[in-house]
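Letters A, B, C and D name the chains as they come in the text, with residue numbers starting at 1 for each one.
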Amino acid sequence: MSNTFGKAIKITLFGESHGPAVGAVVDGLPPGLRIDKDRVSAELAKRSGPESVSTARREPDEVEFLSGEKDGYTQGTPLTILIRNTAARPGDYEKTAETPRPSHADYTGYVKYLGFADASGGGHFSGRLTAPLVAAGAILQSALEEKGITVGTHISRLHGISDRAFAEEPSEDIKALKGLDFPVLDLNASEKMIKETEAAKAAGDSVGGTLETAVCGLEAGLGEPWFDSIESELAHILFSIPAVKGVEFGEGFAMADKTGSEANDEPCFKGGRISMRSNNGGGADGGITNGMPLLFRTAVKPTPSIAMKQNTVDLGKGEETTVEIKGRHDPAIVHRAAPVVNAAAALVIADFIARRFGYMALRNE
Amino acid sequence: MSNTFGKAIKITLFGESHGPAVGAVVDGLPPGLRIDKDRVSAELAKRSGPESVSTARREPDEVEFLSGEKDGYTQGTPLTILIRNTAARPGDYEKTAETPRPSHADYTGYVKYLGFADASGGGHFSGRLTAPLVAAGAILQSALEEKGITVGTHISRLHGISDRAFAEEPSEDIKALKGLDFPVLDLNASEKMIKETEAAKAAGDSVGGTLETAVCGLEAGLGEPWFDSIESELAHILFSIPAVKGVEFGEGFAMADKTGSEANDEPCFKGGRISMRSNNGGGADGGITNGMPLLFRTAVKPTPSIAMKQNTVDLGKGEETTVEIKGRHDPAIVHRAAPVVNAAAALVIADFIARRFGYMALRNE
Amino acid sequence: MSNTFGKAIKITLFGESHGPAVGAVVDGLPPGLRIDKDRVSAELAKRSGPESVSTARREPDEVEFLSGEKDGYTQGTPLTILIRNTAARPGDYEKTAETPRPSHADYTGYVKYLGFADASGGGHFSGRLTAPLVAAGAILQSALEEKGITVGTHISRLHGISDRAFAEEPSEDIKALKGLDFPVLDLNASEKMIKETEAAKAAGDSVGGTLETAVCGLEAGLGEPWFDSIESELAHILFSIPAVKGVEFGEGFAMADKTGSEANDEPCFKGGRISMRSNNGGGADGGITNGMPLLFRTAVKPTPSIAMKQNTVDLGKGEETTVEIKGRHDPAIVHRAAPVVNAAAALVIADFIARRFGYMALRNE
Amino acid sequence: MSNTFGKAIKITLFGESHGPAVGAVVDGLPPGLRIDKDRVSAELAKRSGPESVSTARREPDEVEFLSGEKDGYTQGTPLTILIRNTAARPGDYEKTAETPRPSHADYTGYVKYLGFADASGGGHFSGRLTAPLVAAGAILQSALEEKGITVGTHISRLHGISDRAFAEEPSEDIKALKGLDFPVLDLNASEKMIKETEAAKAAGDSVGGTLETAVCGLEAGLGEPWFDSIESELAHILFSIPAVKGVEFGEGFAMADKTGSEANDEPCFKGGRISMRSNNGGGADGGITNGMPLLFRTAVKPTPSIAMKQNTVDLGKGEETTVEIKGRHDPAIVHRAAPVVNAAAALVIADFIARRFGYMALRNE
């Protein structure tokens, strides 16, 4: 698959950070899906993040639909999303090709692309590629919302500071997060996290964090036992987002300290329908949604681009050296990753609905 | 893809726990790959686990190659692995269809398959489906070892008890783990874990755990930036293994508490070749192997089948009830999952090698 | 994809002609599809062909469902079809590995599989692999028939002898063909074709032919403009059937001699619904079904296995030599290919219905 | 797959005839492949055809590489080809949405896209989508030529007029065809065909034709027995090209009149390497190339857009009516399809080489 993800609804991603453009082709959408351009812009703005804790590279991210759109609706043909790179400054990155930045894709990209790939700003590896992903996800989030399915993500932890957990029924929390470009449930925690990030920025350093995501309104029955469990497909796309280093569902790694009697979610009736007394499994059993909110966490490493001088090697000379990263960088990316995770989740869920009920089932009628 | 996983080397899984057989078709193997049947048996035996901490359902797991094998070598045509179910006892499970066991796939399977699927022993969801996966992985592990690539997994945590971490260079640890059916590096920790598991068994309960896996001898350059990062593909197959609830690479979720200056892995030269001063990223940057050992952890929930009486619902009567699980079950599955994780890792790595260099590159010459 | 075909409904084929078995795994079927085992047997019997004009290798083709079936219905899990090879006589073919039979896959298989593949009876290339394909197709044909979709194929030409064409509305013709193992519409032509085939057999030679297939009851709207036109998907699977050398839709190659005004199919109303005044396009415009019967022809080359002595090379000695084919062979395969073409068409159509409306849409309710 | 074709090298197509642009994303190319922009332009010019026998819609087809290209070489990242639509005149087509043109995709597109798709000029169904396909194919043709693999196509028949066949060894013929935008081997036949096409144009009509393609320099061993035979993959992409209605390999449909002893290709030695005494099979046995030139023919129907008044239906009013097609159309498309077929063949062959030997094997070293 490589640069194409999805089975019934497929997204094909392209672009380099400092090339002409980044974009995506989305195939398998039904005709007549309304494209809410304000929603697309709003999600892209959240992806840019608030100025004090995000990169100084700021560009309008204007979306052009090269195909598949007409009069504000999908045509049903492949939808092509184009975002031109207007703030490209390749000069900042000239040396990275030879002196790979620690924990960046400079070295691995060099091995894979033999020096032919434009490594400026991360090139094809750049987080900038998530912009068309967010745009595509925004369109699907609108469609899912008309079916009562909502997705929300908050920063559950940032450099040791924790947010409160989602409420047992997270719908209201998801609503509250919708407008935030630094999405935290507890305002007190939010302030501390922002200060911590600003402090890292001042120190020429960066911080990591964890995102927690909830999906509400999902019916039971989506997913496959082998190999396309709902967890498998979500993890697949989440682990392709730059800087993601961990994914867990429900209690996740805390399961290692639990007994079955503690961890099991017992079926019960709530309001006339089948529910569970707890949600330790994160809303999926046997790889298939069980009707509970889908709950997962995504670990995001600290931005590898930091201002401090770091050790590295000179690939040309074959000797050790140091590198100081110029460019414009984020002291944290965890908040900017939140709308990307929402978009990824919307793509996966829409894909599973389309696989089970046909792609026409995504239409808003 | 559903029941088919892989791009250049593909495995198609089939079977039900208490049906005639479980099996797999592996396509894309080169001709002339030696099939070490003893190795296949050894991995399947490890998957069965030591008797005191594993299910009482014990069967020989005899592998028949229905196609693709001749005189101990792959033909290059699809290799079909068949394992007959000899110890099937569907009677034990008769009621599970109507009273879903907590945190099992009984309810989600019922929704998805509308009652037509044989739910006995988990049916198609059963961990028994991992047997042909392990058999396929054993063949690829042999092939990778001839190229100097080794895979090993230990129980890094079991109900609060921790094993020591892999050594910085884990090759020797991997060797030490090879023969163990309860794979723990520190023998003292191993004893404690076994006792803890036996105690859970005695209490009619079960325990969860975490596996840590290392892959040594991997060259840099395997994986894709979008969407098939090495982490994506590994997580995809790992999350399809029953009971897996979390996957993290390198420092994983601990990244949330780190700064960039702590987390970054600085390139250096070691023994004339490029290496890193640390391995917090788990051997991959930008989704592509960087030449360091690949390091990841997999969270395995406690076996949901426990002897205690549990609450559930009666799907037929539409009322709440209780369920007592008869059958034969494991007090822990984390140790049995270890060879499955090794097999999954071998499949993913072989697939990436085949994608980059062609499937003929997997031959042992 | 290689040995897996289909998007929403996928078939994975395996086996060698003289190995233990041939089989298929079919994934993506809905639960609760009735499996008419008599229909499966009937289609397999047609695939064997009448004795006088078919191979002397005759075996019962007993189907075992290794998974996915319960009490005569699909479970919704992968359906595994196994047919053991009971009449295997590998000794007959011993020498073919070294002296490739003309227009067989002996030489190309040798190049691809480096001598590791069992070439007896064609090995993995054998027409025997079509048996599980026919079994899978029979199940889908039953399901489609309950939706009013019928598929039929006749020998439109055999070594210069022509059958009459399908009637403009071919439903009755399809019914008439259903029971025939030498499917010809005009009985007079049928007799001539059988005589011609018997004559070829007597001469130690073989004959080629053309099949014409009609699918009735298809709604408009199935298929994709790029790249999965209904013609593309059909041709893909048809050209994987051994001996197929041509596929054409509607007027096909005769289009080269026509003008647009002759070839165009003008829309009109018939019985209150949109129809066309002619069907030169074979039922598809822009790669999508237009509601007219789907009409296509498949060219089948003469069986390459003939009794006459033929020239070839000795791969071991590197010199020219001759080969006399022993084994048991068909003087024609065109009639035996007819049920295979029907099965292939059923698979493609079911797949397109599942893609558009979800796989649950294939259920018979 | 739908709008994505290929396994190791994949092309994703997008665009509408009268939308902003058409384009393609090509993934899986190795880094460092030289992009000969003159060759790309030359192939696009051939696709436009000579003025007297082609549409009056003429635009420069300027290619912009949005990603994946740097300094005239592939980066190894997804290559995005963009061709803006500069001569869009949607007004010409206003009525086609309601009164579908005979043998166009107007009606089937209406059923599939429910009226949301822009049908102007065929919309997403338009032959204009072949422009980015031709551009991608031109890049791969250059790469294949450096490996000694050449592809050529001539009009073997046009409205009853035949060209001579390819020479037994077609390399020289392929060279001769390279510069021609009306590719015919026999100049006399060429003149007649052009006159015939001009006559059709004058009569407000159109003509169909057949293309014959040869690929030289292919090694044996490319292709798969099931389901990805070389014929299957070629037919798949060929049948997605608008107006293609038939594909045959070697003797194709003429096989129906032959015996095995006439049709079989006997292996022999020629110049020290294995060859065949004839090439009736078109260069493939068992779905795998046999080292002989690959030979196939593609049937192209007459342009359905003709100036004559034709019968159709009014979808809005639900009654029969007539339609007169304005727009700018081709009196024949067979000559314009020739470079498209070459591009399609280059894509398929490059994909098979990449599957067997890895995508790095396509580099020119």
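Everything below uses one rule, namely that contacts are C-beta pairs under 8 Å (C-beta built on N, C-alpha and C of every residue); 3 or more make two chains touch, one makes a residue touch a chain.
Keep in mind that what you see is a predicted model, and the values were worked out from it rather than measured.
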Intersection of contact partners for subunit A and subunit D: B, C
Relative to subunit D, chain with the most remote C-alpha centre: B
Rounded Å distance between subunit B and subunit C, as computed from the means of their C-alpha atoms: 39
Distance from subunit C to subunit A - Cα centre to Cα centre, in angstrom: 45
Distance between the centres, which are taken as Cα means, of subunit D and subunit C, whole angstrom: 26
Where subunit A touches two or more other chains at once, by residue number: 2-4, 7, 13, 77, 112, 124, 225
Contact set on subunit A toward subunit B in their complex: 1-5, 7, 13, 100, 102-109, 111-112, 122, 124-125, 129, 157-160, 200, 205-210, 220-221, 223-229, 231-233, 235-240, 242, 244-253, 255-269, 274, 276-277, 280-282, 284-290, 297, 299-306, 308, 310-313, 315, 318-320, 334
Parts of subunit B lying in touch with subunit D, wherever the complex brings them together: 7-8, 77, 225, 354-361
Of all residues in subunit C, those that touch subunit B in their complex: 2-4, 10, 12-16, 19-23, 25, 27-28, 31-32, 64-68, 70, 73-78, 80, 82, 112-118, 123-124
